[in-house]
Amino acid sequence: MTDLSVDLGFCVLKNPVIAASGTFGYGLEFQPFLDLNLLGGFVVKGLYYDPRPGNPPPRLFETAGGLINAIGLQGIGVERFAEEVLPKLQGLEAAVIINVCGDHEEEYAMVVDHLNGLEGITAYELNISCPNVKQGGRCPAMDPDATFRIVKEVKKISRRPLITKLTPNAVDITGVAVSAQEAGSDALSLVNTFLALAVDAESRRPALANVLGGLSGPAIKPLALRMVYQVAARVSIPVIGMGGITSGTDAAEFLIAGASAVQVGTANFVDPQATLNIISELEDYGRRHNIEKITELIGTLKI
Amino acid sequence: MTDLSVDLGFCVLKNPVIAASGTFGYGLEFQPFLDLNLLGGFVVKGLYYDPRPGNPPPRLFETAGGLINAIGLQGIGVERFAEEVLPKLQGLEAAVIINVCGDHEEEYAMVVDHLNGLEGITAYELNISCPNVKQGGRCPAMDPDATFRIVKEVKKISRRPLITKLTPNAVDITGVAVSAQEAGSDALSLVNTFLALAVDAESRRPALANVLGGLSGPAIKPLALRMVYQVAARVSIPVIGMGGITSGTDAAEFLIAGASAVQVGTANFVDPQATLNIISELEDYGRRHNIEKITELIGTLKI
Amino acid sequence: MHKDPSASITHKESWGTYHMLTLNTPEIATLAAPGQFIMVRTSLLHQPLLRRPFSIHAVSGTELIIFFQSVGVGTRLLSLTNRGQALDILGPLGRGFDLSGDLKGLQAALVGGGRGIAPLFFLANELRKMGADVRIFYGGNSEEDLVLRERFASAGFAPDCSTEDGSYGYHGLVTDLVIKDTREAYAPDRLYACGPDGMLQAVGELAHGLSIPAELSLESIMGCGFGACWGCVHKIRKDGEEAWRKICEEGPVFLAEDVVWRGEDR
Amino acid sequence: MHKDPSASITHKESWGTYHMLTLNTPEIATLAAPGQFIMVRTSLLHQPLLRRPFSIHAVSGTELIIFFQSVGVGTRLLSLTNRGQALDILGPLGRGFDLSGDLKGLQAALVGGGRGIAPLFFLANELRKMGADVRIFYGGNSEEDLVLRERFASAGFAPDCSTEDGSYGYHGLVTDLVIKDTREAYAPDRLYACGPDGMLQAVGELAHGLSIPAELSLESIMGCGFGACWGCVHKIRKDGEEAWRKICEEGPVFLAEDVVWRGEDR
């Protein structure tokens, strides 16, 4: 039986499978379908300091093997989160990671500051890469300098490990990765969604009210895998890979390409038990290949 | 009956559907399946000055809704092309566009110089964006300055209109687009393939011998459409859009997003008559929407 | 809320583009209430990627019925399934129609447009069980859309029909037929509706005019169906506050007076 | 080279993971030669995206047969098709086995591994028509792979069989069975082979040792099947020059002496 646990340096996960932010609600939505304790971890939906209304609908559009979303980070804000949600997430074996959002540097710091004093959080994931909110999909993670500043700022006050989540829409994702590492990030997660457009030819309107949205799902897997491979080769902190993972084989591919753990996003919508299936398929894979510890796979792509 | 003709400024196409480079051979391969005269045009396979051996196999890998290729621009070189292929492409009603490649600026100029004196060519498409040949997939079109230099250089000697083909892997595709326009390009075509990686988890090897390859097909359509929309909004020269087009509706979406014509790539492999189907579906679309001239669609996305 | 990875198809019936599938799915069927829906995986490949939502048309014992129209790739694949195959489904999902309180003698008008008739069969049966007086208004573009006429009739709910092209029943919109009847002698206590947005909005206005409540079953593209993606929102008034609320979780059935239509909110 | 968008399935037979489809496709069937193949669209959606190549197993009148093993998503979808459905195919494609010249009395040894047996039935029949003496060597992992034994036998080509697990016939590789026979008394004039690369390479070496020609049918992932994508290359010697040549156009059948195997060329 393969040991699936992975040590990210700042925390040990019982397995490398983490549910991705924005696709797993606040975790609670999945309790009818699975025991959260079986996961390596999960990242809650992006959290701003204040409640956010989100974008008008339509917010979703399906493409060949993919999903474009422009939810606009609708959310309850940090205070209601702390009161209504966090108490229900106490005592879990899975890592509980908070996806921290902000419209500006101070807001990131405000969210972290508020959460610092509360129990039951394993790490923060800095979402500097959401393409929906700002005009034209721009975000700090598109630029190495902006990334450095935000990570540095937040790291200063954070009492918890910091994962920086990178956008594939960056000018140069490896450059941004290196910046985040230099600014003190404890790990990186990538990729967020790819800036995309869908057009309804009948009405000649964008398919989403927000015009642009973010593409996720199996369609982006080959692009995400390439970026994880390139980034993992350049940094020394752990990389958490994601983008289109729907099976244990997909997860193994990301580990082989250099990821220390993976996140599962869109697949959670298709099948609320996707994470569990991926964990058990990863076990099968380990058994078939006589792998003692799943960490043996990491970064072993034979070129 | 909708008038499908489009005027690119430097040439009039009988319809906006052009077969894309590298997916239509030298045109001749499709003669068993269709009459080339029915197309708006076609772009021949990328041509270097000298013959090129191409990459070792495996060269192809299929993904969800997509295809990764690393052909490595295998080709017969400009001399054999001029002797063996070009004579067979004379007198066609379709525009014949040559995809010009080079390992360095001089090679692009050498190809154009050699072809300048020959008959039966409508335009050159400068392929400064093929991600396979150079290490790590870098190419001139990733950088506005390199793009400016090459376009300027080639434009100086070219006796024919110049289309610059952009890569989606650019640091900033709109910046590169503007550079190409400033350097005198007569039109832009986008997008080339997206840099991608596929891993075979069983062998822990890359699925392609070249390690990295380029992703094309329906999977990339939402990303290509977004880029066409962004670029068309920034330049005044015509934009030829492509990426995952398989139907007349797809083609209409690109026109609505701002393209003046479209190219069809991977779909030619799936169905050698794809271009013809797209043309007739575009006719149907025009009829259903009472469109007199298909050019009425261009850039009409209602925001 | 359960996942049943193998709800087997025990019966199938088709009328043109409309299809009815009976699924054996004990856990989900037992819990189902009128107005709730299930999410169905239409392919095990990545296209279509997402599940598709379908109202629960009827329930009997361990079986549940869906009734749908083939309008795109997912519903077409579903229309090609056969008896004996199994579907991967989630359900029952959402909050259905309000059946609380004493409904004895309630004059209930159920208004369905096209495929929107689907949940009203289940609802009609439950309302009758609770002592309500049920009338069905059933509209479509033309006669071919009214494929469930006989099914309703033989269950004792002979529907009042309308078609936009006049090929069957009242010539016009189904909402106009309801309005006409209320102008004449019919005095419903409550409206229940499922169908296209325009129809729902008209039903809401009618209810407002009659000063009676209306319950509307809304549609939206759904990413998950169980509250995790925030993709299915509609603007809803609640406690005086308008917000984008999840149709899959707080709906799909809402009180007409709480539903804010596009235009109203801008 | 034709496209037939609606080659209808007139017959289907299955043995475990192996399947045989008879297609009515007049233009393509009439032109087909042994060793050629067709490209089949296995889905009208975008997954699988590309067509899949299959050898022509047999031809009779306007019909053509393919024989395949279900190994992945495309072949699985194909295995689920039924009589009466139509497939979108291209063919006949590629250059088949060399049947030129006088083949009367030729001792022809046909070696097929697993699904690689597919094209050899067509070939065996054509060779016999031209007066050659045909022997079939048919190998698999185990007995379940040798599903065409009886079909060959009843056509008068009782095959010599081998299995790697020893469950049927010679215990070992099919190439070892051929080698054993040639060591004993059998003296073929020419070898024809289709199967996994290792097997083809061994057949080439055997032919070299016997100083006879061998024709090998190669496989590769194919983007188009008709020479347009340059995706299907193998290193081939021609006029003393080694180059990546398109299997779909110059092959899939090559002379063993022209085929450069990995390792040789590095």
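For clarity, chains are labelled A, B, C and D in written order, and residue numbers in each chain start from 1.
Heads up, the rule we're going with is that a contact is a pair of C-beta atoms (placed from the backbone, for glycine too) under 8 Å apart; a residue touches a chain by one contact, two chains touch by 3 or more.
Being a predicted model, the structure only gives us computed values, none of them experimental.
Trainee: Can you list every chain that touches chain C and also touches chain D?
Mentor: Joint contacts, listed by label: A, B.
Trainee: Computing the C-alpha centre of each chain, which chain sits at the greatest distance from chain A?
Mentor: D
Trainee: Could you work out how far the Cα centre of chain A sits from that of chain B, in whole Å?
Mentor: Between these chains, centre-to-centre, one finds 34 Å.
Trainee: List the centre-to-centre spacing of chain B and chain C in whole Å, with centres computed as mean CA coordinates.
Mentor: The separation of the two C-alpha centroids amounts to 47 Å.
Trainee: By the touch rule stated above, which residues of chain B touch at least two different other chains?
Mentor: Within chain B, the residues that touch at least two other chains are 64-66, 217-219.
Trainee: Residues touching two or more other chains, restricted to chain C: which are they?
Mentor: 46-47
Trainee: Have a look at which chains touch which and call the overall pattern line, ring, star, complete or other.
Mentor: complete
Trainee: Please give the residue numbers of chain A that touch chain C in the complex, ascending.
Mentor: Chain A reaches chain C through residues 22-25, 29-30, 32-33, 45, 53-54, 56-62, 64-67, 69, 71, 74, 217-219, 246, 266, 268-273.
Trainee: Would you mind writing out the residues of chain A in touch with chain B in their complex?
Mentor: Touch residues, chain A against chain B: 63-66, 68, 136, 171-172, 194-199, 201, 203-206, 211-212, 215, 217-223, 225-226, 229-230, 244, 249, 252-253, 256-257, 285, 297, 300-303.
Trainee: Mind pulling up the chain D residues that touch chain B in the complex?
Mentor: Going by the criterion above, the answer is residues 1-3, 41, 46-51, 88, 90, 220-224, 226-235, 243-244.
Trainee: Write out the stretch or stretches of chain B touching chain C in their complex.
Mentor: Checking each residue of chain B against chain C gives 64-65.
Trainee: Which residues of chain C touch chain B in the complex?
Mentor: Touch list, chain C to chain B: 46-47.
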